[in-house]
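Heads up, the next two complexes both have chain A, just with different partners, chain B and then chain C.
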Partner chain A sequence: MTRVLLSERLVPNIFHLVIEAPEIARSARPGQFVMVIPDEKGERVPINLADWDKEQGTIDLVFMNLGLSTRKLARFQPGDYLQTVSGPLGRPAEMGNFGHVLLVGGCYGLGGLYPLAREFKQLGNRVTCLAEARDENYIFWEEKARKVSDNYRQALRADCFASGEELGEIIKELKDNSPDLSRVVVMGCSYLLFIVSRITRELNLKTMVNLNPIMVDGTGMCGACRVSVNGQTYFACVDGPEFDGHAVDWVEYFNRRRAFLRQEELALALYLNRTLD
Partner chain B sequence: MSKEDSLESGLKEKLAARRQQEWRKALRQEVSGRIRLQIPRHKMPEQPPARRAGNFLEVNLGYSLEVAREEARRCLDCGEPGCVSGCPVAIDIPTFIKYIEAGEIDLALSTIRETNSLPAICGRVCPQEVQCEKNCNLVKAGRESVAIGHLERFAADYVRQQEEPLTVSPCGKPGNEKIAVIGSGPAGLTVAADLAQLGYQVTVFEGLHLPGGVLTYGIPEFRLPRFILNQEIKLISDLGVEIKTNFLVGRTATLNDLRQAGYRAFFMGTGAGLPSFMNIPGENLAGVCSANEYLTRVNLMKAARFPEYDTPVPVVKKAAVIGGGNVAMDAVRTALRLGATEASIYYRRSRAEMPARVEEVKHAEEEGIKFNFLTVPVRYLGDDKGRLTGMVLQRLTLGEPDASGRRRPVPIPGSEFEVETELAVVAIGQSPNPLLIRQVEGLKLGRWGNVEVDPSTMATSLEGIYAGGDAVRGGATVILAMGDGRKAARAIDRWLRRC
Partner chain C sequence: MKDKTIKLKINDQLVEARTGVSVLQAAREAGIYIPSLCELEELPATASCRLCLIEIKGHLSLVPACSTRAENGMEVVTSSDRLESLRLATLEMILSEHPYFCLICGEKATCDDLKVTMAKAFEPGGCVFCPRDGQCELQQVASYLKIKKVSFKFRERSRYQWLKDPFISHNPNLCILCGRCVNVCGEIRGENVLTVVNRGETTAIGTFYNRPLKESNCSFCGACLDVCPTGAMSEKGLLAARGEKLSSQKLLCSLCGCGCELEIESREDGSCRRIFPSSQDQPAFMSGCLRGRFGLKELLAGYKPGESPYLRTKDGVEKVSLEEALSAAAARLKEGRAEETAFVFSESAPVEDLLAFISLGQGFGRQNIFWYYPENFLSRLKGFEEQNGLEFDYYPLSSGQWPDQPCFFVLDSDLKSEAVTLWLKIKKQLRAGARLITLDSSFNSVESRADLKIKPFPGKEYLALVAIFKLWLDKQPGAIKFYPGLEELTGKLSHYQVEELAAASGLDLTSVEAAVNLLAGNNHWTFILGERFLRQANWQENLLAAWNLSLALHGQILPVCSRINEVFLAQLAAQGKIKVITEVRRLEDLIKEKKIRHLYVYGDLPLDEKPEFLVVHNHFFSRLGKQGDVFLPASFSSEQGSHFVDNSGRLRETSFWQKKEEKPTSGREVFNTLREKLGMAERSYSANFTADNQPESLAVADFKIECKSGSKRYLLPEEMALKIQSNLTEVQGTVSAGEFMIVVEQNLDLYSGCDLPTEVSGYNQARNPNLILINPEDAGCLELAAGQAMKINLGKYALRGVIKPDFGIIPGVLVIRPLITDSILSDLYQQGLIRGTVELKND
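Now for the complex of A and B:
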């Protein structure tokens, strides 16, 4: 059982938990995730590490309350206990000094972006953070991100997310003004990962995406999280979750993410029925 | 592993001395061998196939005390018991069986526990027909072997209470060092139990949220009920073993971190958790999954009780399972219990080469599983949403024997045909879990990514690090893993005591 120390709603649909997990905090690296089981009958759900504190022995989880498990998590209060938390899992994001790095985050990805920015900055990179959101009400951790980046930008959706126009313009402008921009890392919802990869492919900008496929154990034992990258099959939980966004088979990725849609909708509806009475 | 490896020095003498005890002699005289030979083997009572295909309750119901004693009476208590040399952990089988005949079930169980920490489990999942029972002298006399597995299971189920921890170190000095056991499957649990009994402070690190390894995530309830497993694990915790779940060595902490925390010796029982796929077109369609995924959802996450439990599992009318081993049998029988009206095995060799336990195949057939031999998928078919709709299969014939000694399946050109299916479970094997073993610098690995060990001590190429079970063997059985654990425990004790 793992104790929740802080629980807050960051923006209307995104929550933040700080939990006691000293062993995970000691080993955590940017780009990794943990497996959380909310309660006794819960599933194992992967959640990105958004921050950690080795001294305090705590980790920060940021997630969107979308499905059953994240809605359950959003209800946890300080002093409550999660069934289990294990990790850190996945390979850490590839770090290094690439000159100028652009970090794009959307929805819960604005959380996981922060430790990436912090470490890229420490390694001597020039860091630009680009936050994508529907409108300013969905932006969070701006101050935190500004502290560890040289440049902070926002792309507000303004009804044109599907084509990614706003994002495309900003990324193109950044690239034009910064010849040493050599790497993009994207955290957040699948569609954002896909759109940014499409934009940067045209600009020939190396782009790493932090995938979030369906997982069961998260330790490389089941292969539920199979993704095709450059025609090869990888297990996202142990070979990733960070992959080259230009090499991911996105059609397969979206299809596999929908594999349990019907059951997920049913479970959520039953849960909402039960808890809203 | 040769028989010599598994036989402790002095074992023969010990068996012979016990056989000469008065009570044993008396039992032998009480009923003559001729009469014993006339008793037919007692069938294991089972749930009827039609009923059990719709539930997850255990198929085998177990012997009653009377039946067990009668079955024990079939054992001739031979002077040269073949059964013991067929057992990877060299259980003193005649002694435990004679104790059952005498009605001393407690003593029967403690005899088993001398060398086997998980009797209720082994009685259920060991392939006795190729081990102890194969070597039973009754077989040589043209009879069916004594039902050793059923009797082992009976003893464990009947007693279900903790025996006093036994064993003194052969070195004569008790240990007290901290030992890290990585993985809580059958190999790890055995090492832990043995070393704890020698006085060591043992911590078992388990990556998942429940202990048991493959016994928990792999083997279904209808073969190994969870309460049996939990009781066996509790007995091991009661010896003072600490089991730390949610701790993935290699991620949560490295081996070096543990060394700095004071652990002196390590046992890697990390299993063969990496599922193999065939790398054929369409394998990543939604609806194709590994047996590990399918079984983990149902066994570890209780997906059969979705939506009461949150983890879903595909529920389909037509299910196909690829493979012919125990894992394939477990998967296909699980599909049936989840409501499939047609659950089929596709295996590339013929019935004779199937690696599954005979009892599992028999149970599967009784339940109505369809077996398709000499057939292998060559590609999967999907709809425009990326969901599996069927597969293209190819027929094979058997050619010359290959490295495994089994006849190699050879494709028949032009024999492709299609079948519809909504679910394909790939159960063609697993290889060692690479997560930890690839991280340990200098650790010598074999061709399949398995850890190389000295087979007599289970010592790896690195001092103080031992390994066993499927991490070494690739994909074997519970009892072989336990045999490795036993050997490693003894070697670790000798190494730390320098004797």
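Now for the complex of A and C:
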């Protein structure tokens, strides 16, 4: 059982939990995730580490309230206990000094990218954070991100037509203004991962994507997160979650992403009609 | 609607319209689109969205088309640069509080292909997450106006969602405050649960004290879901059907007598996505209720028509094929003597299947075919008519036409739960100025809408009616219509005082006076009788008093049947083709006396005594099914062209089966196979029961029980004097000692042995069969709090339930609505009114 210390709704749909997990906090690396089981009847849900504090022995989780398990998680209050939290899992993100690194985050990824930005900065990179959201109401942790980055940008859907600042144009502009931009890391919804990879392929920018969204078991047992990268099959959970976005077979990925959609919907509908308090 | 037409010009096009319609309606009927988000046909126009602004020649300002009446010679412009730019600005303002980003996003097309995974979010921050995506009227209007940007800064309202209720959820962050849900809830449905709360930028849809719907007397009819233009009011757990191939089928709901037309939306795998009322003649929100809409959905999800039959062997229960089960049943039925074999059915199967069953029973002789009809409603009505040689003027409900300015006198009928479609029709008349009086001794959810509510003691309804009659006689003797017997009646009533009659019925004189004033001041009265009016010891007196009053007013009588096929089966019973069994105990006695050894039950029966051989043939593997020696699964109105008879006596067609299953075997086929095995000739059954080879020649038309020597005359109440005298001294229970009069109300949530509150998750929260309704003052006197568990002692039997104080209950009375699952409850239900003591000690 793991105690919840803080529970907050950051922006609509995105929640933030701080939980007591000293062992995980001690060995956590950027890009890793934990596996959470909310309650005794709960399923496993992989969630990125958004931050951790070795001294306090706490970890921060930022997630989107989307399906059954995240809906359960969002109901947790400080003092409640999670059934299990195990981790850190997955390979840490590939770190190093790449010169100029662009980190693109959307929805929960705005949280998950923070440790990467911090570490890239410590390793002497120039760090640009690009937060993608529908509107500024959906942007969170801006202050935190600004502290660990040299440049902070936002790409908002509300502005798409007004100012023409579409994601591609922003990335292109960054590339044009900064020839040493050699690496892009993306975290967020599957669509964002795909879109950014498509944009950067044209710009010939090395892009790493975090394929968390398709995980089920998270320890390499179930195989639900098989992805084809350069024609080879990998498990997103144990071989990743970070992969080369230009080499991922996106068609297969999206098909796999919806493999359990019907069951997910059914579970959620049943849960909603049974919990009425 | 009047056929008079007017002519007007819309966008230089000459358009004909009915008088009285709005410009918006006239344009719509002529195929001209005017964007609107708040207007709906049949709903009162509120002109709140301001999108339907139009220009009218000669008018200085722009007017909303929805609230402007179309007039002869009008010249209207519905689309111009000025109008479209105003509409665009209005829409931008609406969108500034509604997560609109997907509406203007340039990547929508690509995203549409890939977003299948995202439709479940807790707080939709755009169409991509919204359960209504693709079916949203805001999306339609946005695409019509080709919106490209929203000039106003988006304001995220961050309001709490309503999640405490079953079936219905509300996301205030998606609400555009069109007011449709409030209108439909109050004006159409008469629920008055939803309302607009707060002011200015905090305006929202709310309930009284912001209580959850389940604590706000919401009936969960789901009409708010039908009218919401966005995803604000949405069916709980229902997600956008992106990339899914949906198919839909029509189904006639057979869960009560209304026979609402429902549409079932199924996914490719045959699973049911949603059920909603759908009719060509009227908007969806004019029919449907919790039972058909949400109850049926879960039943269909759990229901497997292909479920195999069971056979009881020495070693227990064994799954067998239909053929084996039928052979086993036929073999045992053959062994028994015909007079010791009984055939009992409940009303829930299609008419053709019921006829086939009756015909099968007739092969064993006519004496033992029983219809389990615990209400005994229409048969009592018919018996009364015959006994007294009367002919009632029945209101032909199937004609669908009310007289001008109709008036309704509802007697012991909670129309909302017994016949919701009838209630909605009456509600519509009330909006047009009709009058309504309710006389009900128990809980009645429509009485808050009545011009006058009369609440007599349970079982003393007839005294209240006699008091009204007597007062009228005293005040305006000339106004009473003359028929034979009036003088004798006047003479008999002259021995009584209105005051004592009123007091004996538990009323004060003012409500009797008010009733007389209303009755005398209006014409065209229809007396609506609920089954509870006749399901009590004094039913004959009740009917007599209602008859005399209706005669005095030239009124008509409209019996409200709550069960499907009830009208049809009552007709069969009147013709002596079937017998009515009201008390299961009688059947149990016959079984105990070995007069019935073999029993075939089609449908369900709360039977506790098992005969030597029991065949159960039902949709659901119910309690009785588990006791049966043979269990045969019945199809769920699945046969193409099956028919039911609704409460207005109309024959209604239905055809439905879940595509994921093989087409199930219909009742007809099962009975024909049985006939073959029993050596009887095969028969076919169709809905126009007129062909020569049909066993029963029936005219299923308007319900009217024929009465050859019928006449119209006033009836004399017998031994009235004695009853009144004893009543005057009678004490109506001693509340302080916990003694109460208990009204056992009907509960239609037990369908064919399937107990909806248990089988359907969340149903219990919407409608709990264990509630014990009590007057709040009585509850206070006994220190009983809402939600407290309670036990009622009925001598040999104890009833358990949960307290719910309600001001609609008169002091000294408890109201219960148990599901009739065993023969003891069936007995209590039969009696209608019982006495019991509340046990105050916790056990």
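We adopt the following convention: the second predicted complex is superposed on the first by the 263 of 277 C-alpha atoms of A that agree within 3 Å, B and C clash if a C-alpha of one lies under 4 Å from a C-alpha of the other, contacts with A are read in each partner's own complex, and residues count from 1 in each chain.
We take it that contacts are C-beta pairs under 8 Å (C-beta built on N, C-alpha and C of every residue); 3 or more make two chains touch, one makes a residue touch a chain.
Values in this document were obtained by computation on a predicted structure and should not be read as measured data.
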{"item": "Partner chain in contact with A:R226 - chain B first, chain C second, else both or neither", "value": "first"}
{"item": "Touched partner set for A:V85, first chain B, second chain C, both or neither", "value": "first"}
{"item": "Touched partner set for A:R71, first chain B, second chain C, both or neither", "value": "second"}
{"item": "First, second, both or neither for A:N13, with chain B first and chain C second", "value": "second"}
{"item": "Touched partner set for A:N137, first chain B, second chain C, both or neither", "value": "second"}
{"item": "Touching partner for A:E252 - first (chain B), second (chain C), both, neither", "value": "first"}
{"item": "Which of chain B and chain C A:L270 touches, first, second, both or neither", "value": "both"}
{"item": "Chain B and chain C contact sites that coincide on chain A, given as residue numbers", "value": "258, 264, 270"}
{"item": "Chain B-touching residues of chain A, taken from the complex the two chains share", "value": "23-24, 26-27, 37, 41-44, 68-69, 83-89, 216-217, 219-224, 226, 228, 233, 238, 251-252, 255-256, 258-260, 263-264, 266-267, 270"}
{"item": "Residues on chain A engaged by chain C in the complex (per definition of touch)", "value": "11-13, 64-67, 70-71, 74, 134-135, 137-138, 157-158, 160-162, 166, 189-191, 194-195, 213, 254, 257-258, 261, 264-265, 268-270, 272-277"}
{"item": "Contact set on chain B toward chain A in their complex", "value": "207-209, 217, 245-248, 251-253, 257, 273-275, 277, 279, 283-287, 289-290, 292-293, 296-297, 300-302, 306-312, 385-387, 433-435"}
{"item": "Footprint of chain A on chain C - complex, ascending", "value": "99, 101-102, 104-107, 110-111, 114-123, 125-126, 129, 148-150, 154, 156, 158, 163-167, 169, 173, 214, 236-239, 761-762, 765"}
